[in-house]
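Paired with chain B in one complex and with chain C in the other, chain A is shared by the two complexes that follow.
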Partner chain A sequence: MTEHLDSRTDRFTRGRVVIVGASLAGLRTAEALRQEGFTGALTLIGDEPHLPYDRPPLSKQVLAGRLPVEHTPLARLHDLEASWRCGVPAVGLSLADGHVLLADGQHVPFDRLIIATGARARPWLHPAEAALDGVLLLRTRDDASRLRARLAAGSPRVLIIGGGFIGAEVASVCRALDLRVTVVERGPAPLAGALGTVVGSIAAAVQRDHGVDLRCDTTVTTLEGDADGRLRRVHLSDGDTLDVDVALVAIGPLRNTEWLAGSGLAADPRGVVCDAFCRAIDERGEIQERVFVAGDVARWPHPLYPDELLSVEHWSNAVAQARTVAQNLVHGPAAYRAHTHLPSFWSHQFGINIKSAGVPALADQVLITQGSVDDRRFVAAYGLGGRLIAAVTFNQARMLPVYQALIEASAPLPIDFKASDRPSDTRPLPAGFPAAPQPSPTMAAPTRSRAEHAATSAMAMEHAASRTSLTSDAG
Partner chain B sequence: MNDETSAARKRRMKVVVDLSRCEVFAQCVFASPTTFVLHGDEVLEYDPSPDEAAHEQVILAARACPVQAISIGWSEEPEDMEARVP
Partner chain C sequence: MPQETLFQESARVSNRANPYPLYAELRRTPVSRESDGTYVVSTYREVSSLLYDPRISADPRNSADPPPMYKNPNAPPPEPSFIQLDEPRHEHMRRLTMKHFGPPRSPGRISGMAARIGQLVDKLLGAHQGRQEIDIVQDLSYPLPVMVICDLLGVPLEDEPRFRDWSDILTSGLDPDPSLQNDPAFLQRIFKASAEIRVYMAELLKAHRRTPNDSMLSAFVNDPEARAQVTDGEFMSIAILLLIAGHETTVNLISNGVLTLLRHPDLLARLRREPELVPAAIEEVLRYEPPVQFRNRTTLADVSVAGVTIPKGAEIILLIAAANRDPLRFPDADRFIPDRTDNQHLSFGSGVHYCFGAPLARVEAQIALREIIRRLDGPVLAVDPPPYRFNPALRGPSHLVVNFERLTD
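Up next, the complex of A and B:
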C-alpha cells in the first residue's frame, strides 16, 4: 500500500466516519478503512443487539442443527478501534447538520457517512395473520433461533410461502429433518425470479425428487388461526386447505431506508441510489461527496449492465463494495475506483451447490453448455442480445471462473466452446423470466428519477476515468 | 493501532470461507476434517468457531486452499463490544 502514501492527505484519512449498519458490509468497510490507513474516529451503529454475524448459514446448517447460532459471529480480520452503538437503530439523517439521529434521541455527528443498513425480510401482507403464533420470517439470527426451535419440536407440518432461495433452502432443511413441507410459489417455478423458468423448472424437479410438496402458480389466500391465536390451517388459491403448524414467510427483502426519509437522499424500498464510486446521490440528482453506500442497500450502476441500477443481496458484493467504499473514502477523488465487482452468489440446497455469476435475471436466452441436467450437474449460460451476461452452475463450481471471465469480456452467445462434457442439445431457449417478476436483483423503473438518471449517465465517463487507478488495485 | 485494540483481550480463532470464491477442491476437508465438512458432492460447510484443538489444522487448511478462499481472524467477546458503547 506504500504507493498510496503520496496521494494520501490528512483530509481523507482523518475526521469522524460513521457507519450505519453493523452487519457484513458495515464491518468489512470498517476493517478496510483501517487497512487503507484511516486514522480518524470510527463509529458503527447497528439495530441488532449482536456483534456482526454471518447470515448465509442461518437458512442452512444453523436451521439443520449442525451449527450453533452462537458460532455465527463474523471473523474479525483487522483491528478496528471503533465505537459501537448496537441495539439502537438509526431513525434519521441530517446532511446539513452532519449527524445521524438514533432511536434513543442521541445525535451522532459525522464528517463522512457510510450507509450499510441492508435489508430485512418482507413481512406477510396481512398483519393479523402475520401475528399468528407459528408465522415466522428468516433474516436475523434471532429469526433463525425461533425457526430452529419450531422445526426441532415434535414433527411440525411446515408451509413455506415463496419459492426463492430462502424458501428453497429452508425446504431442503425440512426434508433433511424428514418434515412434511409445502412450498407455495406464485410464479411458474421456484427460483424463477432469479434464474428464470428453464433453470427454475430443474429446481422444481429437484424439490419434488426430495419429497417437497411444491405448488407453483399458487398463492396463499388465508392463514387461519385457532382461538388461542396459533396458526392452524392455510387456504390456497388452488382451492386446497392444509393443516400446518409453522409458516415461513419468504417473499423477498425490503431495503432498510425508512430512516433516510426527509434526508434528501434518493432512497426508497429498493435501496439508496449511488454512483459508480458508491457515493450517494440525492433526489435532485446531485452527488453527495461525504456519503457512501455499501451492501444490500446500495443501488449502483455497473458497466456490464449499462441501463440498470443493480441492487443485490449477495455476500460477495457486501465484501467487495466495502473495499471499494473504503478505498474511495480514504484515498479521495484522485484515486477513486469504480465498483465493477461482478455479482455472484451461492446457495446450498438438496445437496446441490448452486452458484451464479453475472445477472441472470436480465437475460433473454439460456442454454445448457456443459454437463447433464438429469445428473443435476451442469452449467447454464445466460445471454442478452447475443452476449453472455451470466452463468449458473449446479455442482460445477470449478467451471464458473471460466464463465466469469467470458461475462466480463461480453463474449458472444452461443459460446464457441469445445467442452468434452457438452450436451447434445445446446440450443438457446427463452430464459423465462416472469412478466411481473418476483423481487429480483435488478429494478428497472419504468420512469427514471433524476437520481437514477444521474447514477447511470455519469457511469461511462467515471468508469473510464477509474481505469487509471486500477493498476494500484491489490485485489 | 494503540492499546485500545483487542490485543490485550481474549481472542478466539474465527474462520471465514468466501463460498463465492470456493471451488470445492476440498483440500480443507482433508486438512481439518472436524472444521470443514462436505454435505453432498460440492456442499462445503464449516464451523466458523473451531475448537482450540483444531486451530493448527485450520491454519494448514487455509494454506492448502488452491483458491485462497479461507481467511482466519479472531472473535471479539461480547463484553468488549458493550464496554466500548459510550
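Up next, the complex of A and C:
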C-alpha cells in the first residue's frame, strides 16, 4: 500500500500513471482516469506509430475499400493532457524501481502502471515461408493497408489460413469483391473454436453458399515461393496444390507479454494474470497493488465461470475493463469494484450480423431456441452442466439482451420460451468444442500456477462478490 | 362494481392532464398485479427488457381478452397487420412494407418529404397572418400529419372526413376503461368502423393496382415480391395501420411539444435562439410526454421480472410513459431538459416492434416545432391545462389555444 491510499477516503488523484499499450483499452483507461478525477501525469506508450485507432473496421469496411484506413482513429471522449510515446515499444518492467524500460533505452517512472499491451497476430510457423512476399497478417492498420492493396489490385486466388473470425470476415470481403478465395481450416468447421461445430457447420454452409472454397480438417503443408521470394503456390494436406499470390495467416493471437519477462509478474503468451479487481498478480501469487491490467492481455476471473481465467479479444471488454481499472485505481481498495462484464462480441460476414454473449467455448450443450437455421436468422443457446452460459445470434441481435439477463441469472437449460418463432426441434446437442480448447478463451491448465490459483481462489471471488454488492448498494 | 385499480385510475379522464403522480405511485411496484389479473409494468428496466422478450406476444389471437375488433361474432376476425404479429411473420411483413418506406431500398422516401412538410407548415401557419390566436391541434398538429400521410401513402385528402371518424373509433379500442369495453354499443361502433374502413381500403388498393402512381401504397401493392406473400386482407390491414398510426400519434407529439415549451418560457426562448437544439428537444418531448402512453401484450410462458412471476397467458400493460420518468434511469426524470444527453426513451418502443414510422414522425415534429417557435411572437397558452382527447393510450390535447402578438415571416 502506498502513501496515496492510506485511508478509506483517500483517492489517488495525483502522481504518475503510465499506461503501456495505446490502443482501445489504453486510451479508454486514460480517459476514464480523467473522468474519475485523476489530475496527475499520464503517459501512454504504444509500439505503433499511429495514435489509437479502431480495429473492427479493418477486416470489414477498410478491406472492402469503403473506409479509408486513415478514417479509423478512435473517438476521443475526454481531454487527456497526456504524454504520448508512440512508436517506441516497452521492452522491460522493473517493479522494484517502479519504471518501464523503452526500446530506445529510456526509463519511464510510475506510481501506478496499467498493462494494456493487447495481442498480435500469431505469425506463420515457418519463418522462411512467412517472409515470402504475399504472406500477410491482419491485426494493425498497416497490415490492413497492405492486404487492401493486394485485394484492390486483384488476385487470381486468395488463400486464408485459419477459419476463425478474422479469416471468415476477410473471406466475406473477398467474395464481395468477387475474388476467388480458399479457406483452410484445421478443425472440422469454421468459427468452431469460438462457437462450436454445431453453429460452425452453419457458418460453413453460409461460406459455401457464397462461393468460398472452404476446406475443413485440412492444413497447409508448404507455402512455396519463386526465385524472387514471391508467394506462388500452396500445398495442402488434402493433396491439392493451388496457385495463390496472397495468403492471409489468421491462426489466432499471441498476447504481447514478452516485455514482462523477468518482471516477476505472472505473464505468458496467454496473457497477464490479474484478480477480479484487475490488479496484476505475480509469479508467487501475490497481488501487485500498483499494477492493473486491461483489455486483450488480461486474464481475469469471472463470477459466472468459476475455475476459469478469461481472456478475450473483445472490443466491449476492453472498454468495460478500462472503466473498472480507472475506478479501482483512483478510488482505492475501499471502493474496489469487480470486473463482472459479461463477455460479448460481434462480427459481420456474408451479410450476416453475428453477436455473442457469454463464453460459448465453455459449453457442453447447444440448442437453437428461436428462428430458423435455413433462413440464417436464429438464436443458439449454450449450456454447461444444465445452466445457460452463452448465446449466439445470427441476424437476431435484438434478442440477445433477454438471453444476457438469463445468462447472468444462470438460468436452467433447456429453456422453453414458447416463443412464436421457436423451431420444431429444440433438443440440445453436444456443442462440439475441440477437446483441447483454443488459447482464447483460456482454460486454466489442470495444474495451476500459484498466480492462477490466487486469481481464482474462492476467497478472491467472495471478496469480489461482497465488494460488488457493497458498491451497488452505495451507488 | 369492482374496485378501480391504480392503473385504471391513472387512465381516468380526470387524471388525463397529469397522470404522472399516479405513475410514480405505480413505479413503487415495478410489476404489479391489478385486481382484474392484468400485470402493469412501470419501471424502465422492466419495460425495456419485456419489449425485447420472446416470451411476450403482440398477437391478439394469443390473448384471452383480445381487442374489440377481434370479438365480432358475426364476422371473421381481420388479418392482423405486423404491429399485431409475432416472429417470424412479423419480420417478414414488416420487411416487405419497409422496402417501400426506408433504407436500404427506399432511402429517399422520408428525407424527400422534408421540403413538402415545410411547405405544408408554412401554409397552415400562414393562414393565421393578421390573427392573434391559433388552435395548435386543430389548425396545425392534426392537419399536418394527415396531409403528410395522405401524400406519402397515396390516400385522397378529400376522404379525410370519412377516415377521421373510423380512426377515432378504432383507436378508442385501445382505451382500457372497462365500462367502455363492456358496452355493447361501443363494440357495435367498432365493428361497424372496422368493416367500413376495410371496404374503403379495399377500393383504394384496387385503384392503386389499376392506376399506379408514385405513392408508397402503389409501390407496395404492386410489388411482385409482396403480392406473392401478402394476402389481400393483410394488404388492407397494413394500409389501415399505416394510415391510422401515421397521424394519430404525430398529432400528440407536436401538440405535447408546443404545450411543454409554452410551460417553460425560458426554454422556448432558448430554442428560438438555438434552433439546432430542436431535434434533441423533440426527443425530450417524446420522453417527457409520450404520444403513446402504454402498450398491451400477452405472455406466452411464465416470465419472471423484478421478482414477480407473470404467469403464461397473462395480459400485461407496458407503461411506457411511467418508464420514461423512472428516476433510476433518467436523472431529474420529472424535469424537462431539452438538451438532455443519454435520452434513450421508450416512446417508440424497443425491440422488434420499434416504431415503423419513427423517422417520419421525427421529421414532421422537428419541422413543425422549429417553425412554430420561429414564427409565433410572444406566444402564451390561453388555457392550461388544455382539454384532452378522450383516449388515454394516445394521450394529447384535443385543443391547444395559443395567443400570440404577431406571426413573423
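One rule holds for everything that comes next: the second predicted complex is superposed on the first by the 441 of 475 C-alpha atoms of A that agree within 3 Å, B and C clash if a C-alpha of one lies under 4 Å from a C-alpha of the other, contacts with A are read in each partner's own complex, and residues count from 1 in each chain.
In this section, a residue touches a chain if its C-beta (ideal position, glycine included) is under 8 Å from a C-beta of that chain, and two chains touch if they have at least 3 such contacts.
None of the values given here were measured: they were computed from a predicted structure.
Comparing chain C and chain B on the residues of chain A they touch gives the larger count to B. Legend: residue contacts after superposition of the two complexes on their common chain; A:421 is shown touching chain C, with no touch to chain B.
Once chain A of one complex is fitted onto chain A of the other, the partner contacts of A:397 are limited to chain B, with no touch recorded for chain C. Once the two complexes are laid over each other on the shared chain, residue contacts for A:228 go to neither chain B nor chain C.
When the two structures are aligned on the shared chain, A:84 is found in touch with chain B, with no touch to chain C. Once chain A of one complex is fitted onto chain A of the other, the partner contacts of A:10 are absent, as it touches neither chain B nor chain C. Once the two complexes are laid over each other on the shared chain, residue contacts for A:178 go to neither chain B nor chain C.
According to the touch criterion, the shared surface of chain A, contacted by chain B in one complex and chain C in the other, consists of residues 377, 398, 401. By the touch criterion given at the top, residues 1-2, 4-7, 14-16, 18-25, 39-45, 47-49, 71-76, 78, 81, 84-86 of chain B touch chain A in their complex.
Touching chain B in their complex are the following residues of chain A: 34, 51, 54, 56-57, 60-61, 66-67, 70-77, 79-86, 314-316, 319, 344-346, 348, 351-353, 355, 377, 395-398, 400-401. Contacts from chain A toward chain C in the complex involve residues 369-372, 375, 377, 398-399, 401-402, 405, 416-421. Contacts from chain C toward chain A in the complex involve residues 49, 52-55, 57, 59, 86-88, 91, 300-301, 312, 351-352.
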